[in-house]
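I have a structure here, written as structure tokens, and I will follow up with some questions on it.
Chain naming follows the written order as A, B, C, D, E and F, and within any one chain the residues start at number 1.
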Amino acid sequence: MPIIRVEMFEGRDRDQKRKIISEVTDGFCRATGASPESVNVIITDVSQDEWGRGGIAFADRDKS
Amino acid sequence: MPIIRVEMFEGRDRDQKRKIISEVTDGFCRATGASPESVNVIITDVSQDEWGRGGIAFADRDKS
Amino acid sequence: MPIIRVEMFEGRDRDQKRKIISEVTDGFCRATGASPESVNVIITDVSQDEWGRGGIAFADRDKS
Amino acid sequence: MPIIRVEMFEGRDRDQKRKIISEVTDGFCRATGASPESVNVIITDVSQDEWGRGGIAFADRDKS
Amino acid sequence: MPIIRVEMFEGRDRDQKRKIISEVTDGFCRATGASPESVNVIITDVSQDEWGRGGIAFADRDKS
Amino acid sequence: MPIIRVEMFEGRDRDQKRKIISEVTDGFCRATGASPESVNVIITDVSQDEWGRGGIAFADRDKS
């Protein structure tokens, strides 16, 4: 019953999200022998205005 | 000060969310004797494109 | 496939956690009509040293 | 490599979020001596329809 | 800067966790072309007393 | 009602956690004008065996 969450910058399209769900599930199952059907993956998009490092939003870091 | 988070597929309307907040709080308080006013509930909608099982997004599982 | 997480102060025993899992699941299903078997509940204990409000850990608030 | 998440009511604008990222990072670094560049901050807006206390959504509490 | 969290039943040893970190990172990078060095993975063990489905802790489901 | 979560490597003692709760709360309130009493902070320690980057647990990265 593992649950895998992926937080990443918004902007990836539906096909890329399909691949992430598939490949991350495969990776977990390769590592553990778990059945893919037991693995949940949830993707969360985060805006670059709402994610910062070094005290600066990535939206502003990228501009510099 | 318990915090309860509910992640579920998007699509439930405001009245259903009201009921979820109310009933989940009641359930926790019945189990523990906690005061309802101490209980926070946060609901997060997840798109079926962004939630997968068995390596496949629920949006695609439901189509098959 | 809802996932419900409960964060609360550590100290409740196994029987209380059983009741929380049961009652919170029931509450969600009463509100939504979901099947209990689709509902996951995960409980996380938090130490009062690691949870603060008003800038003060609950471990210290309770002492005053 | 600390990760700091902030969940708050939606409605704050981009400049307020910039300040939150900056000030929360500074606060963590003052407390720990960590380098700001090691600190990630992620902000999540929550609707008052989806956050409740006492079994009632804040959207409805505020109306009363 | 993706962050991937894995919640799973406790009991896997350090070598299995190493493999999970490695394989899940590889899976994400295969899907997206991201650099592995940008990917953080955090594993959280959950006790079967604290994870339930169908209103019953897995610790009790497994006994039946 | 903001909730701030801090995930960091385990090993900081109780006094450092007190300072983190205090300083992060102050930082948030300086940025937003919120009342400290409305701010919850929850700290989660993560083992370096359970946090990886670049596909390698920090426990192993630090050895090299």
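Please note the rule applied: contacts are C-beta pairs under 8 Å (C-beta built on N, C-alpha and C of every residue); 3 or more make two chains touch, one makes a residue touch a chain.
Remember, it's a predicted structure, so these values are computed and weren't measured experimentally.
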| item | value |
| --- | --- |
| Most distant chain from chain B, judged by the mean position of its C-alpha atoms | F |
| Contact-pair overlap exceeding half with B-C, pair selected from D-E, E-F or A-E | A-E |
| Chain centre separation (chain B, chain E; CA means) in Å | 21 |
| Centre-of-Cα separation between chain C and chain A, whole angstrom | 26 |
| Centroid distance [mean C-alpha coordinates] between chain F and chain D, Å | 13 |
| Overlap residues in chain F, where contacts from two or more other chains coincide | 1, 3, 7, 22, 25-26, 40, 51, 53 |
| Chain-level touch network, classified as line, ring, star, complete or other | other |
| Touching pairs among all chains present in the structure | A-B, A-C, A-D, A-E, B-C, B-D, B-F, C-E, C-F, D-E, D-F, E-F |
| Residues of chain A touching chain E in the complex | 1-9, 12, 16, 19-20, 22-28, 30-32, 51, 53, 58 |
| Chain C-facing residues of chain F, complex | 14, 17-18, 21-22, 25-26, 36-37, 39-45 |
| Interface residues, chain A side, partner chain D - complex | 7, 46, 49-57, 60 |
| Contact set on chain F toward chain B in their complex | 1, 3, 40 |
